[in-house]
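In what follows, structures are represented as C-alpha cells.
Both complexes below contain chain A, partnered by chain B and then by chain C.
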Partner chain A sequence: MALKSLSRASFFEMTAPISAAGSYANDLQRFWALRLHSKDELIEAGRDLARLDASYALSVQQNGELQAEVERLQALLKMPPLEHFRFEHARVAQRDFSGWWQRMIIRKGSDYGIPVGAPVVYSGGVVGRVSEVHAYTSVVQLTSDPGLRIAAVVDGDTRPISFQGALNQVFGAPRGAIEFVPLDVYASASVPKRLATSGLGGVYPPGLTIGRITHVESSEDGLFKRGEVELDPRLGELTEVTVLVPLDPSS
Partner chain B sequence: MRGAVVLFLSVYLLRALVAEVNSALSGAHVWIFAGGLFLAYASLMATFRQGLAVAVLAGLLCDALAPVGFGTHAALFAVAHSLVYHFRERLQREETGVRVAVALLVNIGLFAALSFARIRVLPAVAAAWPRLLSDLLISEGAIVLVAPWFFALQASTLELARAPTERSL
Partner chain C sequence: METPSEGSGSLVESKAGFDPRIVVFYGIVALMLLVLAGGLVYQQLIKGALHHEQERQQNERRVIVPGPRGNIYDREGRLLVGNRPRFAVVLYLDELRPEFRKEYIRIRNNYRNASLQDMPTSGQIERIAHVSVVQRYMDQINEFLGRTGKVDGGGLQRHLERQLLLPYTLIDDLKPEEFARLIEHLPVNSPVQVYTSNTRYYPYGAAAAHALGYVGVNEGADDEEFPGEGLTTLKMKGTIGRDGIEKQFDSILQGEAGYTILRVDPAGYKVNPPIEHRLPVQGKSITTSLDIDLQQAAEEAIGEDRIGAAVVMDVHTGEVLAMASEPAYDLNVFSPRLSVAAAADIEARKAWANTAISGVYSPGSTFKIVVSTAALRSGSITPEETPVDCEGAMMVGNRRFTCDNGEGHHGLVALPAAIAESCDIYFYTVGLRTSADVMADQARRFHLDRPTGIDLPGETHRMLIPDPAWKKKARDEAWTPGDTANMSIGQGDVQVTPMVMACFAASFARDEVSTHPTLIHDAKHRTQESERTGLTAYQRAAILKGMEGCTTEGTAAILTTVEAMRVPGVRIAGKTGTAQITRNGEKYNEAWFICFAPLENPEIAMAVAIEGTTAGEAYGGGRESAPVASAILKKYFAKKRGAGAAQTTPAGPG
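== the complex of A and B ==
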C-alpha cells in the first residue's frame, strides 16, 4: 500500500512542473496583456478600486463588531466556538472536467500547510474540497464532481438535504443533484432557490452558496423530493481560489 | 531500453499538451481522452518489452492524475498493447493511415473500459452516456488531427536518439 502511494505521488510530482509552468506562462501572458493598457485606463481602474476599498473597510468594521457579539453570545450560552479558518489564496494550475470527474490542480500544497479535506471557496461560493495534497500543488475535487457530497440547506430553512455533483453536459452549465428534500420545498427554473452549505459534517462553514435549485420532483418512495441544482458557470473557468485552512488542526 | 525511454518521453509531452488543452476547454465542458494515441506507435513498432514498458509507464502517469485505483490505466494500457502487438503482423503498420486507425480503435476500447469502470459513481447512468459519447467523438476527432504529427515526432526522436525499434533492427 505504501509502495502504491509512493508510486502515485512520484508520478504526480513528475507532471507537476509542467502543469505549474503552463500556469506561470498564462500569468505572464496576462501580465503583458495588462501592460498594454493605457495610463488613463489604469487611473480609472485605480479610482474604482479605491471606492471598493472604502466600502470593504466599512464592512470589515461591521464584521468585527458582529464577530465580537457572536463571541459574547457564545460565552454567555456556553456554546462551543465556531470553527476558524486561515484564508490561503491559490492560483489554478490546471482544470480537468471529464464526464467521469471534475477536478483542478492549484499551485499550493503541503509547502503552505494545505490539509486534505479543506474546503475551497471563491467569490461565487463553494468550489469543492482538497482531495490530494502534494509538495507544491494540491488537487481540488469540485462541487460538480459526481463523487462529492455536501450536507446542504435551502435558503431560509434549517433542514439538511444531500447535495451531490452530477453530470455536466457539453457547452452547458455545471449541475448538481439534491436528495432528501422536504416535501414542502418548491423551486423551479423561473423561481429558483439558493442552496447553501449547512455546516453539518464539519468540512464547510455554514451559509456558503453551492448553487440554485431549479427543479424539484417527488422521489419514488414519496417521502422526500429530489431535484437539480444549477452551479455557477464560472466554476469551469476559475483562475484563483481560496482554501480555508482550519486554525485548529484537530478539527 | 533507450527506445522505451524516448517513446515514454514523447508520451509525457503529449499528455502534458492534452492536459493543457483540456484545461483550456474546461469552460465548455469538453474533454479529450488520448489513451489510444499514447500507446499506438509503441505497440505497432517497438519490441514487446519496449512497448509494454511504455504502456505501463504511460498508464501509471494517467493513474497519478485521475481519481481511479492506481494501476487501472496501466492494466488497461498493458492489455491493449498486448492485443495490438498480437495482431500487428496482419496490418500494414508502416502506413500512417493504419497507425491512426489503430490509435482510434484502441482509444474507443480504452474509453469504453474506463466508462464502465466509473459508471457506478455517476448519479444518473442513462443521462451520462450523451456526455461520454460526445467526449469520445471529440477525442477521436482530435486524434485524427494530431496522430500523424505525433507518430512523426516519435519516429524522429527515436532516430535522433539512435534508439532502434523492432522494425529498424
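== the complex of A and C ==
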C-alpha cells in the first residue's frame, strides 16, 4: 500500500513539470494569438477593459465601505471577527478528459503553503476544494464532482442543505444535486434560486455562489425536497482560480 | 510341458459366459441408483419449494421503515404540526467487516505477544474489536463537532446481534450547524454518514397543545402488510398518536410504511443491491377548524399561571375556532421523546388535563339562561313579571339563601334585569316556581347532561343534570327545596364542561337546542339545525336583552366601561357565572362567562371558565373570564374587518 502511494506520488511529481510546461506553452500560445489582433480591436478591448476596471474600482470602494461597516457592527456587537483567508491566485495547469468535471491541476502547491481542504474560488463562486497538494502543483476537486459535498443555503434562507456534484458528461453542462431541502423552498427553471455556501460547514466562507437551483421536487417520504443545480458553465474553461488559504490552520 | 497359451490362462481375458450371480449385484446397484434418483426427484421436485423457501429465509432479510405522519393545519392553512428533519450520525456496520477482522487479529496478536495467561476468549476479543473500531469513527466525529461521545459497548453488541442491517446511531438529533459540518467533512463514501429521519415539529409551541395532542413511539407497521412473509424482519420504530387530534385521526395522519428486502451473507451482512424496495409515503394532512390567532389570543388572555379553559365556536357550523386549556405544555418537549424531567414538570403543573373537555364544574349563574328558558316555556313567569323583591337574602325551607351578585339588593326586577344583574333571589323564586324536573328537562333538551361528541379523545362523561329521581337513586335521599334553589343558580350538583357550555351558547345563539362541535374545517360545512328552543320571539327578546344588559351595565359591564376591554361596534350577548367548589378540602371559585356576538346576527360563541383560589365573590366571571372573551372577540372582529378591507381592495391594473 505504502509502495503504491509512493509510486503514485513520485509519478505525479515527475509529470508535474511536464503539466506545468504545457500550461506555460499554452499561455505563450495565447499571448501570440492575441498579438495577431488588429490595432482597432486592441484599442476597443483596451477601452472595454478600462470600463471594466473602473467598474471594479467602484466595487472595491463599495466593498471597502461595507467591510468597514461590518467591522463597526462587529465591534459594536462584540462579535468575533469573520474567518480570514489569504488569497493565493493560481493558473490552471491541466485538465484531463477522463475527469473533466471532477478535478483540475493548478500551478501552485506546498511551495505556496496551500493546504489540503482549502476552498478554491473564482469570480463566479466556488470552484471546489484542494484534494491533493504536491510540491509545485495541487489537485482541485471540483463542485461538479459527485465526491464533493458542500453545506449550502438557498438565497434568503439560513437552513443548511446538502449540495453534491452529479455525474456530468465531458461536454455537457455541469450540474449538481441538492438534498434535505426544506419543503417550503420552491424553484424552477423559469424562476431559479441562487444556491450559496452556508459557511456553517467550516470549509467555505458563507455567501459564495455554487449554482442555480432549477428544479426541486418532493422526496417520496415527504420530509424534504431534492433538486437539481445548474452550475456555471465557466467551470469548464477556467484558466485561473484563487485558493483561500486559512490564516489560522486550526480553523 | 504346458503350452504358453495354457500357461497364460489366468492373464488373458476370456468370456466366461453368463453368470447369474452378477445379476443380483446389478439388481442391487440398480436399486440403489433408483433410490438415489427417487431421492433426488423427491428433494428437487417435491420438496424443492420448501428448500427454496428455507434458503430464502436464511439469505434474505426485510427492513420496514415507517412513513412520516401527515401535517396538521389551522383553518387558514397555517402549519400547526409538521415534521422536522432529525439528523443523526450513523455508522453502516456492514461496511466495517474488514476493519473488524483486522482489529480482531491485531488485538489477538497483542495479547499473544504479551503472553498473558488470562487471555480473553475469541468472543470477547471480537467484542473489543467492534467497540475499538466504532470508537475510532466516533472520535473522528467528536473531532469535527467538538464533542466527547463514547460508544456504548452493550448497545453496540445488541445492535450487532439484533439489528445488523440497520445503521448504528453514533449521535442522535444533530443541530443544523453540526449537520453542516459533517456534510463538508465526511467523505462521500465513508461508512459514517448523516442519516435523516423525522420527528414532530410544533411551530407554535404550546398553542393548542391539548387539542393537537402528541405522539409516542410504537413498534411500527404490521409485518403482514408487506411482501416477504416469513423473513426475519427488522422494523424501525414509528409513532402513534397518544392524545388530541394526533390520536383521534391517527389512521389518517399515519404514513404508509416502506420496506426493503435485502440479501445477506452467512454472517448476516447486507449484500447490495436490495431485492425489493418501496419508499415510505407521508400520511394525509388534516385542516382543523382552529384559528391560531384566536387560539393564541385565548391562551395569552388566560395566562400560564391560571387553571382555565376557553372554547370558541362558529355559531353556524359548530367548528371550534379555539380551544384553550391552561396550564399547557410546549409540545416540542415530546420531540423526539419526552424526557423524565419534562414529564415531571407537566405533572407538577397539573398541565396534562384538557380542562375544556375534561374539567367538570358547576356552571353557576350561566345556568340561569337555561332556567329562564324553562320558566318562560312552562309559563311559570312572564318576561315583565317581578316575582320577588330582592333584599339580598331569602329563606328556602329553614335555610337562608343570599344574593351575592351585583349590589346584593336588587329590589323588584323583571327577567332582563335579573339576567343582567344575575339576581340570585329572583332565580331562587323562579326555580322554585318552575320545579327541578322542568329545569332538568330543559337542561337535557340543551344537551347539557351528555358529552358533546367532539372529535377528540378524553371527553368526560361526568357532566350531570340532577333531579329528584337522580338524587333518590344515587344517594337515596329526598330532593329538597334547597336543592331546587341551588339548581336554579347553577350550583349544587349541576356539572358541565366548558365545551358543553360553548355548545349551549352556540345553540342558544341560533335559538336551537343543540350544537355538534367539530375540530375539522370544511368549507362545505352547513349551518347546523336542531330543535328550536320553543321560546316566543317576545320571550327570546327578553332573555337577549338581559344578556346584552349583562355586558353593558350588568355583571360583565367591564366589556363596555373599560376602554381596553371594549369591542367597538359589536353588540355582545353574555352571561357571567361564579360557582363555588370544594376540592380536597380547599375552596375554589369557578369564574364563567358565556357569550355570543354580534347579538343581531350571531357568528361566534364561546365559553370561558377560569378556576381561582380566591374565596368569595371577588373572584367572578365578570372580572376574570369576561376579559378573556373580550380578547378573543377583539381578535376575531379585528381579523374580520381586516379580511373585509382586503376583499374590498380594488384590483390593480392589468
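To be clear about the criterion, the second predicted complex is superposed on the first by the 235 of 251 C-alpha atoms of A that agree within 3 Å, B and C clash if a C-alpha of one lies under 4 Å from a C-alpha of the other, contacts with A are read in each partner's own complex, and residues count from 1 in each chain.
To be clear about the criterion, a contact is a pair of C-beta atoms (placed from the backbone, for glycine too) under 8 Å apart; a residue touches a chain by one contact, two chains touch by 3 or more.
From a predicted model like this one, the values you see are computed outputs, not experimental measurements.
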{"item": "Chain B versus chain C as contact partner of A:R8, first or second or both or neither", "value": "first"}
{"item": "Which superposed partner A:F180 touches (first chain B, second chain C, both, neither)", "value": "second"}
{"item": "Chain B versus chain C as contact partner of A:Q169, first or second or both or neither", "value": "first"}
{"item": "First (chain B), second (chain C), both or neither touched by A:W100", "value": "first"}
{"item": "Which superposed partner A:G147 touches (first chain B, second chain C, both, neither)", "value": "both"}
{"item": "Partner chain in contact with A:T209 - chain B first, chain C second, else both or neither", "value": "neither"}
{"item": "First (chain B), second (chain C), both or neither touched by A:F224", "value": "second"}
{"item": "First, second, both or neither for A:S198, with chain B first and chain C second", "value": "second"}
{"item": "Residues of chain A touched, compared between chain B and chain C (which is higher)", "value": "B"}
{"item": "Partner chain(s) touched by A:R159 [first = chain B, second = chain C, both, neither]", "value": "second"}
{"item": "Where chain A meets both chain C and chain B, residue numbers", "value": "146-147, 164"}
{"item": "Touch list for chain A against partner chain B, complex", "value": "4-5, 7-12, 14-15, 18-19, 22, 94-101, 103, 131, 141, 146-147, 164-172, 174, 177, 233, 236-237"}
{"item": "Touching residues on chain C, where the partner in the complex is chain A", "value": "67-68, 83, 85, 144, 176-177, 179-181, 183-189, 194, 196, 198, 255, 258, 279-282"}
{"item": "Interfacial residue positions of chain A with respect to chain C in the complex", "value": "146-151, 159-160, 162, 164, 180, 198, 200-204, 220-224"}
{"item": "Chain B to chain A touching residues, read off their complex", "value": "12, 15-16, 19-20, 22-23, 25-31, 33, 60-61, 63-67, 70-71, 114-115, 118, 121-124, 127-128, 130-132, 134-135, 138"}
